[in-house]
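After this come two complexes, each holding chain A, first together with chain B and then together with chain C.
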Partner chain A sequence: MAVLRPFNKLPELNSAVLLLVGSEGDFPQKLAETILQEKRDFTVNIHIATSLPLPSERDHLRPRIDMIVFMIDIKNKHSLKNVEDSLAHVDARFFLGKVCFLVTGVGRVNCCSVDMNAVWKLGENYCSPVLFCELELEGTRVSTAQRLLRMLQICAGYVPGVSALYFNTLMTSFS
Partner chain B sequence: MAECIQDVIGNLFSTIDAKEELLGECESIWKLLEECQNQLLLLGTETLLKSNAKLSLLMTRVRALSVECHQWQNRCPELSSNNPDVLVKLGKHELQKAENDLEMMLSTVESKNRRLEQDLKRQQRWLEEQEKIVDALTQIEQEIKAQVEEISQKSWKKALLRELQKKMLQLKTRKKDLLNTLSKFLEEHFPLPIAANKILVSKLMDTPHEPYVKINDSFWVPYIELLLRCGVALRHPEDPNRIRLEAFHM
Partner chain C sequence: MQQSQSSKTPKRPLQLRDANQTDLSAWRKKGRTEPEKSVQDHQSPNDQKNDNEEDSLKQAFRYFEEVQDRVSLKNSILQEHLTTVESVALQRGLPPEGFNVLLNVALSGKFADTVNTRILKSLVPASVIPEDSVVSSVSWLCVGKCSGNVQLLFLKWLITVFDFIDQKEQLNALYGFFFSFLQDEKMCPFVCHLLYLLTRKENVKPFRVRRLLDLQAKMGTQSYLQALLSVYKLFCPELVTITLPRKMKAYFRDPEGPWKAAINTVRQRNQGNTQVSRSLFLGTAQPQSQKRKWNTQISIPASSTNKNNLEEDREKECVDLYSTNESFPVEQLQTFSQLVQNIHCLEFPSQMGSVLTNPLLLHYMNCFRDESVDLRLYYWMNQTLQQECTWCVADNSQYEEEFKNFLETLYETECFLQEGFSSCEEFLYKSLPLWDGFCCRSQILRFVSWIPLRSSSEIKSHLYGPLAQLFFTSSVYFKCSVIESLKELLQNWLNCQVTHLDSESDSEGHSSNTTLSGLVNMVAELINFVGRISTVALRLESSHTLLLHFILDFYETVCDMYLRYDLPLLIMPPPGVFYAALLSMDSVNLNQLCYIMYRYRTNLVTAKENELSKKKILQFKFSNQTYQEYNKYLTAMVGCLWTSNAFQKDIHPQGISMDDELLRKTTVPDFKTSFNIVCHPALMTYAFFYLQQAFPDDTTVDFSLIKGKEWNRYLEYLYLQGLNGLKVFIESSVNRISQASHSKSENV
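The block that comes next holds the complex of A and B.
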């Protein structure tokens, strides 16, 4: 079974699982480290994949995934294609607030080799928020980590009264 | 009041009861969760085609949102527990949390106040320094102004002196010019009497038989008169226009 589904497993107590999909060198790793350094009152589990589908042989070991972040590097035109291909292996119900696109490297717009309109279109078509950040800068990396952590907290259901879909509707209707 | 609460919590038996009750509640919630999970697993997977992703997603979202909305509308506020021990504990926990938050807030505000006070002191010191600088600068300005006045007076005097010197020089040259012109004029119109003397002497020496000289315009009339009065020259006994030198040598 190659398609990623939300709620396919029982949750673990007080823990949330984030899946980072991106093929841009050590940026996913760096971002994951920054997220794990943030203060929070639940356990965070981060899985990193260069693309989807995930290998099915380790499926039984994998916890329930609460949120997927697709990373697109604007300096690498293959990253957009990679993300678009990976989206085919995600269940439609994940797009009810549990997916977000993270555009990285926006500090180097002069090196941009990705069609930004295509990125906007992607976010619009899949009803998911598009975040922009520069992971090479400590400040923006930390603030992006905080944003993602907050979204993960909502996606995992740890914020009473706010569902992933509700939050996602708020975010996408204002962007 | 606080002691009373402490007493209630200190009651070990009732706490154990409360704990068990809570655990029982958790168990039933977990069971419900498992049931929901099983139902969810029965749902098939559905992936999106890139071409119609937006439409089908929006349809799903509308369904999901209306269901969520319906749920919210029908939801009743749930009581966490009826057990008084649990409620007291929960209340205490909440109060403690609030207290912690407030303490944190207090310390933050205090540190901010301290920082602001320091800022204020620094700013006041800075203001004093600036005022001192302004005083010093005004003093310097006044001194410089006085100096400038003095210098301008001096230079005015100097300029006056220079002008006077210049005028004097001009006057001197003018005087020289005038003198020159005058001497030229005199030379031209009133030649020196030496000329007449010379003519008289040379006439007497050259032609002792005919020493008379005819008076012409080049002779200065007053001088001739003087010579005649003093007896240096003599008039011709018949012709008043001719004179001769007195023969001193004979």
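The block that comes next holds the complex of A and C.
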């Protein structure tokens, strides 16, 4: 049961690694594909997991992870639980700006089966921004991909003068 | 009810067959590109098909009309007619005269439920639904020949197509019948919705209120009951004394059903085919609105009064409009002079939404500010915005264009009325966190600019929070648009404050937030918010020129608030913005900064003068801090542009002052002169071209040649290049008498 740590490996030159954690069908896959299609000036590496912890046997092959996105599907009660359980396997230092919660399925609020207050609370407790999107829609998926990419760029340290922690504080302090 | 038939006339279509035929062919023409040509190319296959369809539809109607006994489901003739009706309905919608027949059949229980359901589901209007067909079907409902499911489906249908019913006078007369259906637990939500649409002031009676309250006691607080109660409360506040939440998430569930999609298809189809169709088919639609938005999916209803005696009115019109006590029908309102003449006897249309597309009615609305008018509009808009929102309701995504147009209309109306709608504000607050920042971007950001001034606490958590999140994670162009719309918001607030000051005498009903101090606080909060996000944005986008331009544009409004809007507030830009502009590589930004600093100076000097002369008793005066901040900035600017000692004289804590020792270590030659009007990176190209012009023979570009008289000539050259901001700044803030100029800052 390895805990995922942000700084125990060296970063690779000009590349950033994103970890998507979510169990909602093929949405993580689709989102990853959309992110990879976006224009950017550094290499993006995306790992997808349905839950944490990651298997420990291939750990030595895994690059350093710059940002974790936890996907919560509001139509699926189980997904919130899954994320909450996974959070236990993340090192506390990740929450200094390298974690983001992505709430999906907001286009079907009628079928919402997750307590939205619990989601807000989760973001608050873990000092991490909560983004909302509807991955079913092409346009929204693209814009979400762009937003995540921007955050990843900052988390990987490619924006001079802006650190992940600083950005995280900005994202959470205005509300 | 002068011209209406008795409500239960099953034979009507038969008797009027001739008239119907013309109707039908007119309806058929509508599906064609050029109606006039129909006679000539009668033989074209397309036409043939239409003719066939029309014939079979007529036959189907006749069949349904004449069928007497229960027919077996498997009957092939029945099946054939059913299919005809269904296919035509889904493709082109049904003509008005079909509804009576089909509704009668479906609700009379002649057929099995499956057939009735199929018929009901295919009732898609091509244009309007005659009121009497609905009335007669309600009477079937009361007879109770049809099953609960069919009743339920009928109600859902009625709610969905409510706006297509041509008149509602008789329907409203059946209010009591509908009301009695409330006791059916299954139907209750839909009946509530229908009543909500139907209720007028005269329908609100004490016994009905009591009944509703009883129901609420029995069933608990249900949103649909509360919605109906709130309408009652709106019309008769004295009858409904319980407190209701003013803002509800959603009053009613979407009635669903297959019709909405079909109506859209039919509408889109018709829209594509003809230009003239709408006004022709809705005899009562006012011509003004036909120009735009009528054919959109989100229908803004045409305005119609609850009068049946239109024809009569029209005859009377020229005779004695002044003497008549009756209200002037809004359909006939076409010119401004008509509005002025009839302003005493106008009545708002039964569908409040229609005022949006009618400028005359908007004028009228502006004159008669009535809470009930606002609330009627508020309810309708709330409902529409919620149901049609394309990112909150994924199923709507294909109608993005229509939703965009709808938002556009709302925005235009807001501009027309010069004030924001509270329903738009609420919609914004509710949907911003869920918004992707992409869909309907410009429309949503424009809404931001019309957020009313009164909501201080809400704006902080509902607007600034989500907006900042989107802002930081989005592209530089999005950032520019956000700053732009916040600038417009500020301007709208300031304008509103100016007009408010003008009309201070009649300031009843203004909340405490619109007092001067409340306003100043809100404006200050907004400016500080923009200052914060601008600083971050410039950092994130590495001082993008375009972004900087938008930010400075915002400060162009801020720097003039005292003189232009009489607001005792001046806030300097944060250092993150000031230094980014001062050291920018682009002369446009630098020029803009110079202009802004000049305006700050003018405002501050005037304020100081007013303060000293004590002409006015000042409620507020600028704190010394503002003056000090200004002076620090000014010193830095003069050092940077004029005296070449930016690194020595800058006293701002976040400024660019540096030790000579440190500067020497950078090994930059002539670091002392690296910032002045000649060598500033934004102005260096000007200096280069000036040198080429002044010393055409000198190929070694030597900037040090520009000094003394040459310096003055160079300055003139810069002014000629359109750097007016620089001109006014230097003329006002730099003392040119002694050559070694120094800043002429105010006596603090």
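One rule holds for everything that comes next: the second predicted complex is superposed on the first by the 173 of 175 C-alpha atoms of A that agree within 3 Å, B and C clash if a C-alpha of one lies under 4 Å from a C-alpha of the other, contacts with A are read in each partner's own complex, and residues count from 1 in each chain.
Following the convention adopted for this analysis, contacts are C-beta pairs under 8 Å (C-beta built on N, C-alpha and C of every residue); 3 or more make two chains touch, one makes a residue touch a chain.
In this text the structure is predicted, and so the values were computed from the model without any measurement.
Engineer: Do chain B and chain C fit side by side on chain A after the overlay, or clash?
Structural biologist: fit
Engineer: Quick check on the superposed pair: does A:165 touch chain B, chain C, both, or neither? Answer first, second, both or neither.
Structural biologist: In the superposed model, A:165 contacts chain B only, not chain C.
Engineer: Just chain B (first), just chain C (second), both, or neither: which does A:125 touch?
Structural biologist: first
Engineer: Thinking of the overlay built on chain A, is A:151 touched by chain B (first), by chain C (second), by both, or by neither?
Structural biologist: second
Engineer: For A:89 in the superposed arrangement: first (chain B), second (chain C), both or neither?
Structural biologist: first
Engineer: Classify the contacts of A:70 with the two partner chains as first (chain B alone), second (chain C alone), both, or neither.
Structural biologist: neither
Engineer: State whether A:5 touches chain B only (first), chain C only (second), both chains, or neither.
Structural biologist: A:5: touches chain B, not chain C.
Engineer: Put simply, what angle do chain B and chain C open at chain A, by C-alpha centres, to the nearest 10°?
Structural biologist: Computed angle, apex chain A: 10 degrees.
Engineer: Looking at the superposed set of three chains, what is the minimum CA distance between chain B and chain C in Å?
Structural biologist: It comes out at 7 Å between the closest C-alpha atoms.
Engineer: Can you list the residues of chain A that touch chain B in one structure and chain C in the other?
Structural biologist: On chain A, no residue contacts both chain B in one structure and chain C in the other.
Engineer: Contact residues on chain C for chain A in the complex?
Structural biologist: 253, 391-395, 397, 433-439, 461, 464-466, 468-469, 472-475, 536, 539-540, 542
Engineer: Which residues of chain B touch chain A in the complex?
Structural biologist: 33-34, 37, 40-41, 45-48, 50, 53-54, 56-58, 60-61, 64-65, 68
Engineer: Considering only the defined contacts, which chain A positions touch chain C in the complex?
Structural biologist: Result: residues 106-110, 129, 131-134, 136-137, 139-140, 142-144, 146-147, 150-151, 154, 159-162, 167, 170-171, 174-175 of chain A touch chain C.
Engineer: Show me the residue ranges of chain A that touch chain B in the complex, using the header's touch definition.
Structural biologist: 1, 3, 5, 7-11, 84, 87-93, 95-96, 124-127, 163, 165-166, 169
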